[in-house]
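Structures incoming, each one as structure tokens.
There are two complexes below, and they share chain A, which is joined by chain B in the first and by chain C in the second.
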Partner chain A sequence: MVQLAGKIGRWAFLLLVLLYFAIPMIAVLFYSFSGRWTSNVLPDIWTTSHWGEAFADERLRAAFVRTVLMAFAVLILDVLIVVPAVYWQRVRNPRIRILAELSAAIPFVLPFIIIAFGILKFTGRIAPEMLGTPWIILFGHAAIAFPFLYWAVDGAMSAAHVVRLNEAAMTCGASPFQILRHVVIPNITAGLAAGGMLVFATSFGEFALVQILAGARFENVSLYSLDLLNNTTSQVEKLAVLTIVMFLVLFAISIGVVYVNRNRVSLAVPGGRAMAAEKDL
Partner chain B sequence: MASEGATLQSTTGTPTPTGQSRSVMDRIGGGLAAWLPALPLLILSLLFLVLPTIELVVHSFNSNPTNLRFWTAEFWQGWTLEYWIDTLQSKGSVRAVVTSVRLGVICALISLVIGGPLAWIVSRMFTGKRSVWLSLLNVSANFGGIGLAFAYMATLGTFGMLTLIIQNTGLNFVPPEIGSFTSLVMAYEYTNVPLFVLLTLPAMAIVRGEWLEAAETCSANRWQFWRYIGLPVLSPFLAAGCLLIFTWTIGIYGLAYALGRTASTTGELRMITLQIGLTLNTGAGKEERAYVLAVILLIMACASLLAYRWMLRRALRWFN
Partner chain C sequence: MSSVVLSHISKHYGAVKALDDVSLSIADGELVALLGPSGCGKTTLLRSIAGLEKPDGGVVQIGGTDMTHVPARKRPIGMVFQSYVLFPNMTIRDNVGFPLKMRGDSKQAIRARADELLELMGLAQQGDRYPNQVSGGQQQRAALARALAANPSVLLLDEPLSALDALVRTRLRDEIRRIQQLVKITAVYVTHDQGEAMAIADRVAVMNAGKIEQLAAPAQIYDDPSTRFAAGFVGNRNILELRADGGMARLGKAFAVQAPAGSSTVAAFFRPEDVVVSMTGEDQQAMVENKMFQGLLTRLYLVVEADGTTTRIYADLPSRQAEQFTQGSTVNVRVAAADVRVFPAD
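So, the complex of A and B:
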């Protein structure tokens, strides 16, 4: 009897949690297909026209392209600066690690709004002409997103025994650049992929830096969404479409991360990484 | 890791000097070579993370913020506690700090109460069912910002789906106002609970099934098992998870802005992140107070993270 009650309790609990997570997603999905929805449980009229309207919207398309291009640019920049740094801290100068770990801790602890505020004031004093340009967003996003790649790449290099690979390659007379290109990178692709996807996702969904540092001068999907949310009620369905698209992109990324990390599930979140990092020490 | 680095230093780090007299240029070259590949990363983090943070802290204490030339007399005359005193005396700012802390604590506790059992159940699931739940949790943990704010309104707004469902059962249901404390807690938990589960999931594996069997053999019931064995072992991990949720919750901005902007401009809702955001966006309120609030948030986040690391180190005793 007690066991049965426990089982039912567990079932009810899981069901409630499932509903809590599922209902908002279903609601957004229904909104994107609803012609009118004011009094019934389900939309009064169903329609697919919002999807066509949304994709025909010039402003939405521009915001989307901007967001995607920015996320790719941030990803490329981070790969270019993080991989050599991690390689060098492992094979040549371990003192790099102290500074790099300290830097990686900052975006992990500080809310992005504070980082945005600081960048606004600091850049405003040093180079005010940078404000409002895509460049400041690029560097800002690269700075707040790099820890994901740093931790992933560092873990991957540790697992691939890069130090030994490096010694072997050096014995064969390879230059550091050749080693990085032909030995190290092929051995850390999984870590690179997982970290890279998180970098992409961070830039893709970011709001604080874009709003504070560029505002309307660099309208990305988050800013456009906010505008749709604030302005008129007639645009709600378009916002529903946009939210679903954003959601699907992030969904694909998170599934990708889980897949790449399938043997180390906890590493998919920053805290899990920190936990794993602690374990290494 | 450390030993790996040390051996490396001795083998490749210091090339054997060809003569006793290495020139100064060689030394500079060697020093540069030791840092060069990491320089872009370090410079980026200096310019976009370290210096901006220092800037905020200095501004909160200095009345001459346009002049950061520390070698001049004006800079040193500029130091003051005026902004801090002014901010701590302003009712609105104090309310902002209190609300943010309250929100952080309540969200962390709810995450614990829902996320703890959920993590335990998920950790005991079979692989297939488990990966379905893991994907769901991952997706929810990544859903945030403006999209989540809209999803909240689509669910519990005036014409939200859940609102309509409940009203259709005949109840006279009025959903909590958008931007109220309750609405923020509910929206925040949508990402906090999954994050908490993902954070504590690895720890759940240390409580072994055999322990439960052993306890049952000694005729302990479930409650006794959790009270005397399970929770004491897990509590440092759960506390660490709570601290991290607290740290993240007090810093959430996009979601808070989308849900609470209206309530914030009328003064009904005051939170640290919103005060800063509104000051920067509309110029409303004193900018000096925004600096002080930012530093307060910074201190709270750092303290909470340090406590988290300490707790985790305690917890990890059980791993070895």
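So, the complex of A and C:
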């Protein structure tokens, strides 16, 4: 009886949590399909016209493509910098760890707006031609998003015992590049995917740096949304469409990460290794 | 010709001297065991040969070539680690073929060599499994196959059996020796288990505090330890601290041996199987305090009252012979002077 009550309690709690997260998104979704929504729980009139208008908007499509491309570019840049750096720090020079950790703390300690002004000042002094270009956004986003990848990759390398793997690979004649490619990266994919998703999401939804460093010269989805809010009252439904699309993009990436790591997750839980082995046999 | 020559190798970790001017020559096809307690420098020495540690001083030569500053990946070595360290993302076959892949061999050549080694190690059925799908013993055999894949000049084994249970350990120890002799490869084997070192090695280097205390064949180390540390570390031995009177150290009438010159106190070592126990005689009397059956042998714990002091020693006798000695009985004991090793006590 006590067990049943506990089980019901757990399910009820789970349901509450799901509702807490789902209700705002459901409300936005309904709003994006509403022709008129007054004082009822559900819209008075349903319509798909806002979705049609949103996808027909050339400016929105351009902002969306720009945002996705930038997020991918930031992800690639961060992976190219962070993975070799963490590998090097773990196998060759543990003393740089303190510097790396301090750098990784900065985006959490300083508000993005302060970082943006810092980048603006610094770039204005040493490379003013970069101001307003996508390059400054790329480097700025890479700088603020890298800690997410750093912590995930560092944890994954620790869990994979990269130092030992590295030594074993060295005695097999592998160069550092070969070790990274054939041994390290395949063994940290879970951390890489989780951190990579956070980097992508950070750049995808970032507003302050883009606004301060490039403004209208690099209109991303966030700036476009702000413009919708500022300039018109009749296109808030379009903003709802945009919000749903952004949510779906990030949700799809999350599902992808979970799918890619489904076996690795099972290996992390007690008994999971044996279960995975049994399944593979 | 010496396959591995280490000359005056030294290594410090801060103030700790891990290796202190170590020199060692290993002949082609020879298996040398580095034996010693934790922290004696045996693994550091092995890692210096592998290129995983950079010595502060000295020269490492492999096959007559100076390898001191050559990175690990370019040394003609294969290494087996204590914790296997197979690559979890690769199958057993891919693990074995990895050194050949790094060398740029063709896929067919890699497959053929990997299959040949898997056959040799008795892993032909496990080739397509991942490391977490096979047992510890099988993982270590796969690691051995990987280490041999590229036909290295030297095989380095860093406590390869210490993570395995006793039964697998003995079987794999014999297998390692069989394969080492079959492929005629020079090998360096690190262990803290003296039984393992004695069973597997052509020569054993007993290490202590960053130095090689004695380098000799297992039987010689066992029968004739050259230092106090080697005497104490290798084999089960009685260790007694005795006073030297008139240049002689005595345990009553059990034995009298020449003490090292200038020593007032000596440490005397003798093996339990060298203690002769009889019911009658004119030798030193002792009381059987306890008796422990160990299968083929029985260990007698004896209390010796001599020269006003009480001393406890133990003797190993064939179990049939030991039957006549009952607990509490008085017996005669003696040890031949030639079987007692004495060293200055300090």
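What to note about this one:
Just so it is clear, the second predicted complex is superposed on the first by the 220 of 281 C-alpha atoms of A that agree within 3 Å, B and C clash if a C-alpha of one lies under 4 Å from a C-alpha of the other, contacts with A are read in each partner's own complex, and residues count from 1 in each chain.
Quick note on the criterion: contacts are C-beta pairs under 8 Å (C-beta built on N, C-alpha and C of every residue); 3 or more make two chains touch, one makes a residue touch a chain.
Keep in mind the model is a prediction, meaning the values are calculated, not measured.
Once the two complexes are laid over each other on the shared chain, residue contacts for A:Met170 go to chain B and to chain C alike.
Contact with chain B, but none with chain C, is seen for A:Pro111 once the two complexes are overlaid on the shared chain.
Of the two partner chains placed by the overlay, only chain C lies in contact with A:Asn187; chain B stays clear of it.
Taking chain A as the reference, the larger set of touched residues comes from B, when chain B and chain C are compared.
Of the two partner chains placed around the shared chain by superposition, chain C is the only one that A:Gln178 touches, whereas chain B remains out of contact. In the superposition on chain A, A:Ala208 makes contact with chain B only, while chain C stays out of contact range. Of the two partner chains, neither chain B nor chain C is touched by A:Pro128. Contact with chain B, but none with chain C, is seen for A:Val82 once the two complexes are overlaid on the shared chain.
In the superposition on chain A, the residues of chain A contacted by chain B and by chain C overlap at 167, 170, 276, 280-281.
Those residues of chain A that touch chain C in the shared complex are 160-161, 164-165, 167-175, 178, 182-183, 186-187, 267, 273, 276-277, 280-281. Within the complex formed with chain A, the residues of chain B that make contact are 1-2, 4-9, 11-13, 33-38, 40-42, 44-53, 55-56, 59, 66, 68, 114, 117-118, 121, 131, 134-136, 138-155, 159-162, 164-165, 168, 190, 193-195, 198-199, 201-202, 222, 241, 244, 247, 250-254, 257-258, 261, 273, 276-277, 280-281, 290, 294, 297-298, 301-302, 305, 309, 312-313, 316, 319. Within the complex, the chain C residues that touch chain A are 50-52, 71-75, 77-79, 81, 83, 85-89, 98-99, 101-103, 129-130, 132-133, 146-147, 149-150, 156.
Interface of chain A with chain B (complex): residues 6, 10, 13-14, 17-18, 20-21, 23-28, 30-31, 37-41, 80-82, 84-85, 87-97, 99-100, 103, 105-115, 117-123, 125, 139-140, 142-144, 146, 158, 163, 166-167, 170, 176, 201, 205, 207-208, 211-212, 215, 222, 225-226, 229-230, 236, 239-240, 242-243, 246-247, 250-251, 253-255, 257-258, 265-266, 268-269, 271-272, 274-276, 278-281.
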